[in-house]
Amino acid sequence: MVRVGIIGASGYTGAELVRILSGHPQVRLTAITSRHNAGRRFDSLYPALAGCVALEFEEYSQARICDCTDIVFTALPHRLPMGIVPDLVAHGRKVIDLSADFRFNDAAAYEAAYQAHTAAPLLAKAVYGLSEVYTERIRSAEIVGNPGCYPTSVLLPLVPLIRAGLIEPDGIIADAKSGVSGAGREPALGTLFCEVNECFRPYKVGSHRHTPEMESVLGREAGRPLQLTFVPHLVPMNRGMQTTIYARPAAGATAAGIRDCLRSAYDGRRFIRLCAEEAAPDARYVRGTNFCDIGFKLDTRTNRLIVMAAIDNLVKGAAGQAVQNMNIMCGFEETAGLMAMPFPV
Amino acid sequence: MVRVGIIGASGYTGAELVRILSGHPQVRLTAITSRHNAGRRFDSLYPALAGCVALEFEEYSQARICDCTDIVFTALPHRLPMGIVPDLVAHGRKVIDLSADFRFNDAAAYEAAYQAHTAAPLLAKAVYGLSEVYTERIRSAEIVGNPGCYPTSVLLPLVPLIRAGLIEPDGIIADAKSGVSGAGREPALGTLFCEVNECFRPYKVGSHRHTPEMESVLGREAGRPLQLTFVPHLVPMNRGMQTTIYARPAAGATAAGIRDCLRSAYDGRRFIRLCAEEAAPDARYVRGTNFCDIGFKLDTRTNRLIVMAAIDNLVKGAAGQAVQNMNIMCGFEETAGLMAMPFPV
Amino acid sequence: MVRVGIIGASGYTGAELVRILSGHPQVRLTAITSRHNAGRRFDSLYPALAGCVALEFEEYSQARICDCTDIVFTALPHRLPMGIVPDLVAHGRKVIDLSADFRFNDAAAYEAAYQAHTAAPLLAKAVYGLSEVYTERIRSAEIVGNPGCYPTSVLLPLVPLIRAGLIEPDGIIADAKSGVSGAGREPALGTLFCEVNECFRPYKVGSHRHTPEMESVLGREAGRPLQLTFVPHLVPMNRGMQTTIYARPAAGATAAGIRDCLRSAYDGRRFIRLCAEEAAPDARYVRGTNFCDIGFKLDTRTNRLIVMAAIDNLVKGAAGQAVQNMNIMCGFEETAGLMAMPFPV
Amino acid sequence: MVRVGIIGASGYTGAELVRILSGHPQVRLTAITSRHNAGRRFDSLYPALAGCVALEFEEYSQARICDCTDIVFTALPHRLPMGIVPDLVAHGRKVIDLSADFRFNDAAAYEAAYQAHTAAPLLAKAVYGLSEVYTERIRSAEIVGNPGCYPTSVLLPLVPLIRAGLIEPDGIIADAKSGVSGAGREPALGTLFCEVNECFRPYKVGSHRHTPEMESVLGREAGRPLQLTFVPHLVPMNRGMQTTIYARPAAGATAAGIRDCLRSAYDGRRFIRLCAEEAAPDARYVRGTNFCDIGFKLDTRTNRLIVMAAIDNLVKGAAGQAVQNMNIMCGFEETAGLMAMPFPV
C-alpha cells in the first residue's frame, strides 16, 4: 500500500487522477490540494463521485504532503510544479508531474517553448514517462515528466517505427484531433458549449507547444534532430483524441514488416491494441480507458504510410498514463487500477 | 462463482450486461447468444472491449444454455422471452428478463399494452425487480421481470412517498427525458445522428407502454388503482435519463418529512443518493453507474412536490439493476461488480 | 426605410438581432454598441458574418443614437435598460427592450423578482410584446417589453385556451427545456462544453424569474391571479426550446374544440404552426426560424391536456419576436425579414 | 423566371435543394420526385418547412419533367443519373447532376472508381461544376457534374496555387473532416446517434472515391498526372466540413505571394472568404452558407504549406454550389438565392 497525494486535484486531469487512484487496490489517497477549493469536499465539485470519494481539498503544504505521502502527482499548470517539486524530491518523495515542466532533459528546449526553468538541475534526472517506451528508466525514476496528450498519441505509434528504421524521420506530419476536456475546466469563451458544439477547427497551427516535446523524443530515437509538422484540431466531444500521421516509408518497408514491428514492440503490453487490417482507431473505443489503439495503412500508390492512433486524452493522455508510471515505479502490476471495463456505447 | 449466460447479447443492453458481468468477481460468463451474429467475436461488434472480452456469440440452444449456466439474463425484444423462459425455469435455471414479458403479475395488464401472453401461468411467480424496493421477494425469486428504464426513474423516488402517504396518489405527472441508447441499436431513421442531434422532442405522448407498468406498481403500493400522466422526451446524448415528477403533497407533508422518508427508505442502500437541498440530479452524474440520484423541491407556493431523479438508462435502467438483482438472488454483496468509479467528466 | 440601432449587440441575442436586421429589406442598421468591444468590427467577434455585415461596435452615446436611429433595440442585461430607455423615449425614439425591465406593468411584480425599478412611471405605457396576442397594442406602442423565451413558449399556446375557458387556470405545470445559447456568451463553468454535453438537468426548480412574468400575463387573461409550476431544464444543443405543459381541461372541453380554438386564434398568423394530430413539436423544426410550433394531446384517461410548444429561443424567444414587433409598430409586413427558409437538417 | 425540377428530392441533399430553390427569386420549383415518397407532401418528411414549401413528391416521368422544367437537378445515388440524363439533355433540358456520374471527362477514370459508364459519350460535354474555377465553361454548359463535397474543400484552395506554381504538385496530403449529413438519410448502423456522438474516426483511409476526382482536376491544372493522399474523418456534428491540406511550397514561395495568389484568384467572388492571418477556418462559420473559408500557414520551419478550408458539406459542398452553377448558366447574379444571413451561433 502506497500513500499518494495529488497537488492540484480540482481540474479535469486532477479529478481523473482522483477517480483512478480512489479505485486503485494498492493505493491510499491521503491528500488532495486546490488553491481555490481548500475546505470543500471533492464531491461538491464533482457530484458524480458522491458516495465514492470522501476527500476534502486542502491548501498545499510541503510539510503536510511529505508527512502523509510516498508518491506525489502534480497536476498543476505549467510553471508551478518546478517551484515545488525540487523540495518534494529533496525530501525523498517520488514525483509524477503532469505538466510540461519535467518533460525535457534540455532546459533550453523547455525555455524556447515555455519560460525560464527554475529547477534546471533536476531535469537530468527526470524521466520522460512514455510508459511502454521508457519502462526501464521509469522503474527507477525519482521524477517522471508525464507526456502530453498529443505526444502520447504520436509517439506510441512512431517510436517503434523510427527505431526500426521503417519510416523516414523527416517530413512527418501529425494531424491531431482532441476532445474539449483537454482545454481544462477554467471558464473561457472558446470552450463554451455554443462555441464548440457543431464546430470544427484547427488551432495553434504549426505552433503548438507539444511540437518541441515530440521532436525532442523522436530526434533522440532517430539519432539526429528532426522537425515535425503538427496541427491540432478541436472536436465537439468531451473526451478522446485521434491522430492521423503521414510518413514516408523507408525503402523496402512493407505492411507486414510494419505490423510485425508494432506487434513485437508492444508484445505483452496490455494497453496497446493493434487494430485489425483495414480497421481504423476510433476515439470512442478507448473512451474512459488507458488503451492506445493503433492502426495503419501503407498507401503504396502515393508511397505514404498513414498511421492512426486513438487515446482518451484524460486517461492514456494524462492521468491514466501517470498511474501506469506509478505502477511501474512501485513494482505493481502495470495495469493495476486501470482495467475498468470499457463501455460498449 | 456462478455461471451466467446472456440471451441476446448484441444490442446495447446485452452488451452492457457483457461489460458488467465480465468484470464481476463472482461470475463466470459462459455463453452469449445472438441470432444475427452467431460465430462472430463480441469485440468485432464492440471493439471497445477488445482485449477485455474474448467471447463469441452463439446460436441460442436451450440444452447448451442449461448445460453451462446457473443464471440466465434474457435481453431480447418483448415477446421473445416468454417463448424460452418457461423451459429454462422448468430446468431449474434462474432467469432475469430485461423485456416487459415478466414485469406484470396480471396477464391482462400485459396484454392490454403488449400482446397475448403465452406464458401467463409463470407470471404469478415472477418478481418485479425494482431492487431497493422488492429486495426480499427478489432474494428468493426464480424469475425476475427487470423494470423498464422510465419506471425505474419514476418508482424509486415515488414508492416510499406513496407508502408513507406523503403524496396524493392521483394526478401524478412524470415528464421524462432519455438519452438515445434507449432506442436500441437497430438502424432507424429516427435515431440517425442528424435526426437527434440539435433536436429535442416528446414522443408517444400519453401513450408509452411503460405507463401501465408504473401504474400497476404505484397502484399496488397505494392500495388502489391510479392513473399517471407520462410524457417521455428524447435528449441528444448517448446515455442517461432524467425525470421530473409533479405530485400533490398530502396534507401536512413537509420538506423535512419528505427528506426523512426518502432517507430512511433507502438507508444503507449504496445506489440511491439523495441530492443536497437545492441541488438537482443531472444525468451526467450517474453516467455509467448504477446510481439513482434523487432530489426534490416542495413548492409551497403552488402546493406541488417536484421530485427529480436521474439514472443511466442502460445501467440502473437496465443491465446494472439486472446484475444487482442477480447479486441479491445469489446472496452476493448487492454492489458486487457494480462499483466502478464514476467519471468526473 | 427605418433607421435602427442595437444597444448591446455583442451577446448572442444582440448578434441575432444584427443577423436578422442586416437582412431586413426595410431597415438600415445604423449603430451597434458594446461596452467591451467598441472599435472592433462585428465580424471579428462573429466571423460567420464576414462579408455580410460591415458594422463596427461603438460606445453607447444617447446623442449619437438619437441622431442616427428611429427605433432602438436594447439587448442588455436586466437593470441596464431602465437606465437609458427613459431618455430615448423622451427623445421620441421607439424602443424594443429584450430584457425584463419593461415586461411588467406593475413595478411591484418586477421588483419582487428582480430589483428596484428606477423607471416605474414608464411601465404604464410599456406593452408586452407577445406579437400574435397583443398585436393591436404593439402597433401603437412606444416601448415594447419583449417577452422572455420561456414565457413565449408557454403563453402562445395557453393564452387562447385560457381566454376561451377551455382549461382550468389553476394548477398548470410547465416543464421546459432550453438549448444552451439561452445562457448567453459570458464564460461560466456551467456552460462549458464538458459541463453540458452528455448532461441533462433541471435548474432553478420552481424559482426561475420567468415564472412571475408568465403568471402575470396568464392571470390578466384569466381575470384573476393564478400560480404556475415552472421547471426549466438545460438541453445539450445550441438553440431551441421545447415546453410540455400540463393543464386540466375545463368541463366539456374536447380535442376538436381545443384544435378549433388554437386554429382560429392564430388564423392567418404565419409564425404559428399547429402540428398534425399525433405529431409533436420538435425543437429542430423551428431552429433558426421565428416559428412557434404547437401540438397537444387531450389525455382523457387521466383528464389532462398536454400542450407542447417549440421555438428557437434566440429567434421567436428573443430577437425574431423583437423584429416582428418592430414590423408591427412600423406597419411593415409582419414577416418582413423573418422568412428565411428553414433548414431541413 | 426559370422552371426547375429536382429528381431525388427526399434525401438531405435533395431537401437542401428544395430549401434553396424555394427561396430563389428567379426560380419556380415545379416538380420534385422521389421513388419512395411519391404522393406525400414534402413537409411530411421535413416538417421544418411546413408553411414554406407546399410541394408534393411525384414519381419520376421524363415526359412530365420535360414538360414542366427548363433546368433539372439530379440528386440521386451514383449510377442512376446516367440512366436518365441523356434523355433529358436530348430534349434540351439543362442538367446539374449532384452525383459522380458526370464529374469525369474520362470514362475510364470514372469506371475505375465506380462502375461501367452507360452514357460515356455525354462526358465530353459535361462540365465540372467547381463554380469559381470553371465559371466560363459552366456558363455555356448543358450538363454540369457538380463536385463532391471533399473535392470542393480541397480544390478551391489548391487550384490557384497549382496554377501559379506556388506549390509542388506531388506529395499533397488532404486530411478532411466531415459532419454526418454527408452520409445521407438512409438508416445505417454507422450513422446512428450513439455510433457517432462522442466518437471520432477516420474511414476509407486512402481509398475514398473522391480521391480520383481530385487527382483528375489537380492533374489537369498541373499539366501532368499526380497522386494525392486523402483521409476523410467523421465529426459528430450535423453539417460542415473542414479540410487541412499539407503541401510543399515551390522554391521562392512566400506567405505574401500565396496570399496575393488566392486573393486575386477569387477577387470579386463573394463566396470565397480569405481568413485573416493567424486565423483558421471553422466549420461553424460557414454553417448553412455557400461560403468557402480559406486560411493558410506557411511553416518555414518544416517547409510545409498548411492550407485549411471550411465549407458546409450540404451547401457549397452540394446543393448550394449546384444552385450557384445554375445561376451562372442562366445569367443570374451568382449569389441569387444564396445569400441568407449566416447564423452567429
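Every chain is named by a letter (A, B, C and D) in the order it is written, and numbering of its residues begins at 1.
In the analysis below, a contact is a pair of C-beta atoms (placed from the backbone, for glycine too) under 8 Å apart; a residue touches a chain by one contact, two chains touch by 3 or more.
Please read these numbers as outputs of a predicted model, since none were measured by experiment.
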Comparison of C-D and B-C (more C-beta pairs in contact): B-C
Far-end chain from chain A, centres as C-alpha averages: C
Distance from the mean Cα position of chain D to that of chain B, given in whole angstrom: 46
Separation of mean Cα positions, chain D and chain C [Å, integer]: 37
Intercentroid distance (Cα basis), chain C paired with chain B, Å: 39
Sequence positions of chain C contacting 2 or more other chains: 12, 181, 185, 194-195, 197-198, 236-239, 282, 284, 287, 345
Residues of chain B that touch chain A when the two form their complex: 12, 15-16, 18-20, 22-23, 46-52, 181, 185, 198, 238-239, 270, 273, 275, 279, 282, 284-289, 291, 293, 314, 339-345
Of all residues in chain D, those that touch chain A in their complex: 171, 173, 175, 177, 179, 194-195, 197-203, 205-206, 227-229, 231, 233, 235-240, 242, 244, 246, 280-284, 287, 297, 299, 301-302, 304, 306, 308, 310, 345
Interfacial residue positions of chain B with respect to chain D in the complex: 12, 180-181, 185, 187-189, 191-198, 236-238
